[in-house]
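Worksheet: the structure to be examined is printed underneath.
As written, the chains take the letters A, B and C, and residue 1 is the first residue of each chain.
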Amino acid sequence: MKKINKYTLISFLSVLTFVFIWWTATDLLKLTSPTTLPSPVKVFQSFIGKLYQTNPDGATLLQHLASSLKVALSGYLLGVFIGVPLGILMAWYKPVDYIVTPLFDLIRPIPGLAWTPLMILLFGIGLMSKTMVIFLSAFVACVINSYSGIKSTKPVHLWVGETFGAANWQLLTKIAIPTAVPMIFTGLRVAIGASWNALIAAELLASTRGLGFMIQQARGLYRPDIIIVGMTAVGISGAILAWLVGLLEKLAVNRRR
Amino acid sequence: MCLEPSREIMTNSVIKCENVSKQFYSDGEMVQVLEDISLEARENEILVIFGPGQCGKTTLLKAIAALEPATGGTITINGKKKTKPGPECGLVYQTIALFPWLTTMGNVEYGLKVKGMGKKERRERANKYIKLVGLEGFEKSFPIQLSGGMKQRVGIARVYCNEPDVMLLDEPFGHLDAQTRYLMQEELERIWQTEKRTIIFVTNNMEEAIYLADRIIVLTNCPAKIKQEFKVDFPRPRNITDPEFLKLRKEITGILDPLE
Amino acid sequence: MIKRLKKINKAKIFIGFASICGFLLFWYLGTAYTEVGKVMASPIDLFWRFLQSAYEPIGPHTIWGHLLSSISRVMMGFALASVCGILLGLVMGSSPLGEAIARPLFELLRPIPPIAWISIAVLWFGLGEMAKYFIIFLSGFFNITINIYTGAKAVDQELIGAAKMLGCSDRKIFTTIVLPSSVPYIFTGLHIALSSSWAAVVAAEMVRSTDGVGWLITQGMGISDTSQIMVGILSIGVVGFILSSIMRGVEAKLCAWSRVEKS
């Protein structure tokens, strides 16, 4: 028991040391200018400030966050509701596999972000283009994982089903899909990460709202303190989203057992 | 009721366990796995430790090999106390535990390599033992390419090659199919006859025990204590249909603890 | 049996080919006969533009020049990320002290998408190449470290026991057991990191660059030239695919000993 505490203490000290070195470099020794690396104190102050101030970029931190979440989740859910069923169908029905897989393999190596300019030209700067980019990122992850999940169904289990006289679609719904559930959830987790990353990138490029926009604006205004606040907010939100999906996964998997 | 192990003249005992005991802590509760085990293995004999499953046989071997040291008692090998894992005790694992990134040759010569032996000498020695276990021609194969029986033969060869004072075999044929198991028992017999070693062999298979042993020590259920010792001095190789064999088998079955 | 397999493969290839042709036809018809055609280039335009880009520069280079720029950036960032990531991953995975010190900082920084660093990277390193290398490095680094960390921790304890039993000293355990055991994880990590590094270079070039495939795309957006954008996207996809295949080939060769028989 004592050993565990020793290492937790070291971890805690390690983070404190890091912040301390940071603070020493900026406030004590003044090694950097406030326009390149702000002091941790300033970052914290800006964080508190940004919670209710709308300057310098036109919205509070929470408003930006809400905007980002809205766009990310719409793209994500679209990707999930189209990607998961498609992946399942591709893995189960050979005709679907033969027709769709080549097209999918063309899209697959292209990072979601690369679609942004095309989407902007087609749909303009706004919700639609960003949603499409996020949709593509989430979609690819969901299809790949759902496909793998269905393909990993053990032939033995299917044979058992067949000897009981199950029809093909019953084999799919009663045997293959339950087997695939863990991998489908892995896909959901990967997809939320990909979606959030794609969103931030899209907002950095072309947006008028959102955390990515806030970060980009702050650079133009030489406010690295806000940049760091933004980065932290992005990181924490991304982690929370991933954790939520993980929670969903635990609930779904536990119910099965 | 526990019977005392027979006290014979221990002039050439290679390994001695005196009052060895082992406790585990699980969720704050103490579990006694081994209790007051005293035994010895003599030079070049096969000592079989026989007991029901999950009664601490593997724990005993791991304690002897000092991989999971005993919590009480002492273990001496050729007079020296055994406190750290090392080449004096070679362990052949039930799970085989070959290094998957090394070939047969790589696995067999591993012990020699870490000792710093030169390549030529190493290869010569390893080849000798690869031949002894009948795997000539498979020097460059990876474990993933070998069958269960072949893998275990590599496991035996790599321990043999290290020339340990005592070899510990932990149900080495447990994961093999029945037919391979019989063949491996014969193989081990042949290998041991060709180059004798002191072997402590753990099993829960009675035929295997009587087939291979010079002496059999029967353990109780958990916490494991020594129940009784049997001497097996029929000529080798043994026949499981021999009346003597069957008589001993019946005797041992008679004293076993019932299933809990 | 082999004849049957060959037959199936032929059908697969044929249908796949037909599917792609169908898609191209649909695309062509869409751009030729609808509103979309005003914005979007047709596949034929794209084809000629692609050929053209091989000898006619777009901006500072031809397509080869842009590809070279992007690939060299990836290689730089990826190489550095591999070295640092493998080292940190092994340290965290095999030393509880190292893990205690490094892990919290690592886990705090990891959830931040690499591209989100671009703004502060530009403030720190200016508008030149360093900022891009930094982003590419970050995306590879986090992936590699986490994979190797997992791998080093997942070393089979029995193998360590076997090594000790055969006479291996504690010091040598690391080089003879932990390291070889981790190799498959190292390669999985490198594979994922290469893909994300490629995505990162595209992102970094899109946000701030004067050349490269990412630049091609954003510049194309600026002049409303969808065929240029598509040329960019196509090159990104093809190179991404090639890099991934090379990695998979290397992985297969070096990790042949760990592949489990598939039933």
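Before moving on, here are some points about what is shown:
As a working rule, contacts are C-beta pairs under 8 Å (C-beta built on N, C-alpha and C of every residue); 3 or more make two chains touch, one makes a residue touch a chain.
Model, not experiment: these values are computed from the prediction.
Least step count on the touch graph, subunit A to subunit B: 2. For the pairs B-C and A-C, the larger set of C-beta contacts lies at A-C. Compared with subunit B, the chain whose C-alpha mean position is the greatest distance off is A. Averaging Cα coordinates per chain and for the whole protein, the chain whose average falls nearest the overall one is C.
Chain centres here are Cα averages; for subunit A and subunit B they lie 53 Å apart. A separation of 49 Å divides the Cα centre of subunit B from that of subunit C. A separation of 17 Å divides the Cα centre of subunit A from that of subunit C.
Put simply, subunit C touches subunit A in their complex at residues 11-12, 15-17, 19-20, 23, 36, 39-40, 96-97, 99-105, 108-113, 115-120, 122-124, 195, 198-199, 202-203, 206-207, 214, 217-218, 220-221, 224, 226, 229-230, 232-233, 236-238, 240-241, 244, 263. Those residues of subunit C whose C-beta lies close enough to touch subunit B in the complex are 156, 158-159, 161-169, 172, 176-177, 180-181, 183, 256-261.
Contact residues on subunit B toward subunit C in their complex (touch as defined above): 62, 65, 67, 85-87, 89-91, 93, 95, 97, 99-102, 110-111, 114-115, 142-144, 158-159, 162. Within the complex, the subunit A residues that touch subunit C are 7-8, 10-12, 14-15, 18, 35-37, 95, 98-103, 106-118, 120-122, 154-155, 196-197, 200-201, 204-205, 212, 215-216, 218-219, 222, 224, 227-228, 230-232, 234-236, 238-239, 242.
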